[in-house]
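Scroll down for the structure; my scribbles are underneath it.
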Amino acid sequence: MYAIRLGDDGAELRPLEPWHAEEFLAHLDRGRDFVNQYIPFGSRATDVTTAREALQRYADMRAADTASVHGLWLDGTLVGGVLTLNFDAANGSCEVGCWLEPAATGRGLVTRAMRVLIDWAVEQRGIHRVEWVAASGNTASIAVARRLGMTRDGVRRAAHLHHGVRHDLEVWSVLAPEWRARDRHPDPR
Amino acid sequence: MYAIRLGDDGAELRPLEPWHAEEFLAHLDRGRDFVNQYIPFGSRATDVTTAREALQRYADMRAADTASVHGLWLDGTLVGGVLTLNFDAANGSCEVGCWLEPAATGRGLVTRAMRVLIDWAVEQRGIHRVEWVAASGNTASIAVARRLGMTRDGVRRAAHLHHGVRHDLEVWSVLAPEWRARDRHPDPR
Amino acid sequence: MYAIRLGDDGAELRPLEPWHAEEFLAHLDRGRDFVNQYIPFGSRATDVTTAREALQRYADMRAADTASVHGLWLDGTLVGGVLTLNFDAANGSCEVGCWLEPAATGRGLVTRAMRVLIDWAVEQRGIHRVEWVAASGNTASIAVARRLGMTRDGVRRAAHLHHGVRHDLEVWSVLAPEWRARDRHPDPR
Amino acid sequence: MYAIRLGDDGAELRPLEPWHAEEFLAHLDRGRDFVNQYIPFGSRATDVTTAREALQRYADMRAADTASVHGLWLDGTLVGGVLTLNFDAANGSCEVGCWLEPAATGRGLVTRAMRVLIDWAVEQRGIHRVEWVAASGNTASIAVARRLGMTRDGVRRAAHLHHGVRHDLEVWSVLAPEWRARDRHPDPR
Amino acid sequence: MYAIRLGDDGAELRPLEPWHAEEFLAHLDRGRDFVNQYIPFGSRATDVTTAREALQRYADMRAADTASVHGLWLDGTLVGGVLTLNFDAANGSCEVGCWLEPAATGRGLVTRAMRVLIDWAVEQRGIHRVEWVAASGNTASIAVARRLGMTRDGVRRAAHLHHGVRHDLEVWSVLAPEWRARDRHPDPR
Amino acid sequence: MYAIRLGDDGAELRPLEPWHAEEFLAHLDRGRDFVNQYIPFGSRATDVTTAREALQRYADMRAADTASVHGLWLDGTLVGGVLTLNFDAANGSCEVGCWLEPAATGRGLVTRAMRVLIDWAVEQRGIHRVEWVAASGNTASIAVARRLGMTRDGVRRAAHLHHGVRHDLEVWSVLAPEWRARDRHPDPR
């Protein structure tokens, strides 16, 4: 029942929950190869049952306040999403991430959603450090981190095994004071 | 981060979650006697730890898709809430309920919130029967059921023991077709 | 090892437990269509493994003191049973129910067993309200409620989805003082 | 609701369940020193909460079909009980045991109850070997084993630490064919 | 990473853990009929998944300090193992056991490993009674008990059902003072 | 029972397990302030019960193959330890860490233990990337990473809240080929 309008083009952010299993599966089936290029997101969700299990894992993490997943709907179609991971309110840190099906790229959907998500983490939940992790070759993902005003903290060499290949993982972050300063002087994009 | 405006008077509906424990406790402390007149809602939440446990039980039920709890904020202060209980998507049925602190009564907050909640249950989740249960003496609660266009199904005699007294429980309900018809011809209130 | 004679016709009431799985399955196979006319009782128990799982669910609820299931044996053959559900000793309330295979109907088996079960609930466990729930079309079940001296509390409209059809559920009940009064002045049946 | 008369002196065997916590505690308080002479039975049950926990552990084992506990009532007072332990239907073996408060000794209560329990284990549940374990110094317990027609299998030296002292444990047993033969030619006691 | 040399013939004792599943399976496949002559050890481990599950059960018991399993490697090949069972530090008692594939017999591997294991149990963990259980027909196993200086406590008649046949189980034991005395005056073997 | 000699000075590496609770507590009590300067290791272990709980958490993670903890004993006294964390055999990555009480510093104990641990991770468990994380101010810890031939991957800014202060976390790593190359050309230390 909750939804956040992300602009005038029909883009909305909503909680993504186990009862969306069929919609989630249809979305994955449209974007599976693209989504799984660098990350295994949703790769175990290959039918309605496993799609529900994937969403249930997020629902359980949300109940434990360690993660949350939010879908991006465009004109009523689920086309991707953003999420928090390793959410640790006591330590004031979390990771954020995203995924999109190909048809939804190029519109700044993730950047718009991420601003809402990071605002909430920083202002409502007291998160001090928001982290972004991306395979070094995933230039689109790294571009989002840069667009969000993040700083590159380093490269965890060979940290991720995906489809039999070892990938370096870039670690980017934005701290609460940086995020707030940027809010006052937004970049022209 | 999600919020639904319920009107122009600063009333909002938001997910109520374990991290709201301190706010939830302060709210209960303002309204405990009033809230617990007919129902034990929040009665075990007497400090921050037990307030968090109470909200955690709802968070776990939400993860299991059997209940959900939503807070009512008035000008930024938590003043009550609405909830689903015994949510059974396969059977197409659920119960709904509410609570308010005294200062927030008389504004139709619950009725407004309940319309959003029932709309979601009926239109998004396929619920066919929405049930309302209230002690026979709880005239304020029964008035809400009537205002929502519900029908009285019966009285479960002596079904609820509260503060050492047995209460009859009135059962009211609205079915999906009735809810939709009412949407097209809303009552003048 | 426990058994309660219900009369001179070889009818006995005994705890029905997971180790009865084969006997329970054979009984269900004789009465499945009849038993499942209005309720899904035992419908998931289609082989010895699932029959044991069904009985295990009751065994777990019995350990939690929230339900109990008792078989009816006629001349050594399991032909049906009675059960408590939503047993809530703190609130002083429970639901009771029953099922029979066709060959065992017409002998008052359920009524006899139910008297034993309700006596125990009321006199041993302090239950104040015993509830009976039946689909409106299930005249046989409703006749038992009437025979037990219960009162119709109301009709939960469209509350039960069974085999794709919505059924109204009648709610009947007997309260402890009524039950005890009836014991002193039993009806002539 | 289940009860088995053990004779004409008002002795009955009934399932002992968590809701008997207060009655169980009162009984233990009358017999604690006597009962705990050789075994720790009930020693952790020192108030209603811990008494309920002790009975809950048995309830959980009963649900798992690995143990069961049955109270002995004499003229309506709980005075002791018998139990199965390490119940293993697949292997056809179990242990049985007992406890009594002092006022209930000398009446053969345990022997009578044990005959019912072993009959059930052997004839209903297919147990081939029923084992009895007693500290070597516990002559009363060993006398029961002998009275039940059991054979001494051996002595597990120093196997039990109780109140800071190591006790040898005698192991006695009766096998199904022996039990049945004894039924046909009962001893004169 | 831990390993204990058991002599100059390349025999080593190491923790056997879930990640050894493939090696464990290959070993079982070489010795299954021999190992399962009297005991069901590893009989459910018939592919890598079930082999890992079998080792996981031991890993969980080790975490609970109720059992431990240690592999015997001969020149880098897993050929058998020793284990503790029913480990009860509070009571000062445990059971020990072993298994070997045929090619590894006749070298005293188990006896050597068992001395290390019992030394640890007695001297590090305060175990007073170490028990050995073997089917009466398992002369090789009983010979090890004798070689370890154990005493026969008795015979639990018909206590073990294996492959449809009931076996008597011999119970042997060694107590801490006996074990220490033997250390000072080792037998000539 | 397992132990690995780390040199001629009486230093040994052994599994650290829940039954070491008293020894672990005494060790922490000698070094608590020093150990907790940059990390919360053992800070919740303030009596025997909480010390056992701390070790039990590691035991459970070890059973799940996600972590392991190993104590360093010097002449029979527990003086510190090394551990694996976030052990992920499927991904080929893990973190390693350490702690020491003050009296045990300056002897290269951790470096020696770490070589054994990393050798095992890389050669036995197929770990490709071994990570070391240290607060930027923890020069002693960073010196160990350097001594182990690790490379600094970056600095996760403000990632760790400890004693109310935010610390940058340096991330160092060594990859399997680097580790093996270093084995062939060890540094002169």
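Lettered A, B, C, D, E and F in written order, each chain numbered from 1.
Here is the rule we go by: a residue touches a chain if its C-beta (ideal position, glycine included) is under 8 Å from a C-beta of that chain, and two chains touch if they have at least 3 such contacts.
For clarity, every value in this text was computed on a predicted model and none was experimentally measured.
S.K.: What's the overlap between the neighbours of chain B and those of chain E?
M.R.: Both-contact set = empty.
S.K.: Which other chains touch chain B while also touching chain F?
M.R.: A
S.K.: Only C-alpha atoms count here: how many degrees separate chain A from chain C in terms of the superposing rotation, rounded to the nearest 5?
M.R.: To map chain A onto chain C, rotate by about 120 degrees.
S.K.: Interface check for copies chain A and chain F. Shared numbers divided by all numbers used: above half gives same, below half gives different; which is it?
M.R.: Here the answer is same, because the shared fraction of interface numbers exceeds one half.
S.K.: Compute the distance, rounded to whole Å, between the mean C-alpha positions of chain C and chain F.
M.R.: Roughly 60 Å, centre to centre.
S.K.: So the centre of each chain is just the mean of its C-alpha atoms; given that, what is the distance between chain B and chain C in Å?
M.R.: Here the centre of chain C sits 33 Å away from the centre of chain B.
S.K.: So what's the Cα centroid distance for chain B and chain D, whole Å?
M.R.: 51
S.K.: Where does chain E touch two or more other chains at once, residue-wise?
M.R.: Touching at least two other chains: none.
S.K.: What's the contact topology between the chains, one of line, ring, star, complete, other?
M.R.: ring
S.K.: Chain sequence round the ring, chain A first and chain B second?
M.R.: If we begin at chain A and move next to chain B, the sequence is A, B, C, D, E, F.
S.K.: In the complex formed with chain D, which residues of chain C make contact?
M.R.: 1-4, 15, 17-19, 56, 59-60, 62-63, 65, 89, 116-117, 119-120, 124-125
S.K.: For the complex, give me every residue of chain F touching chain A.
M.R.: 90-93, 128-129, 131, 151-161, 166, 171, 173, 175
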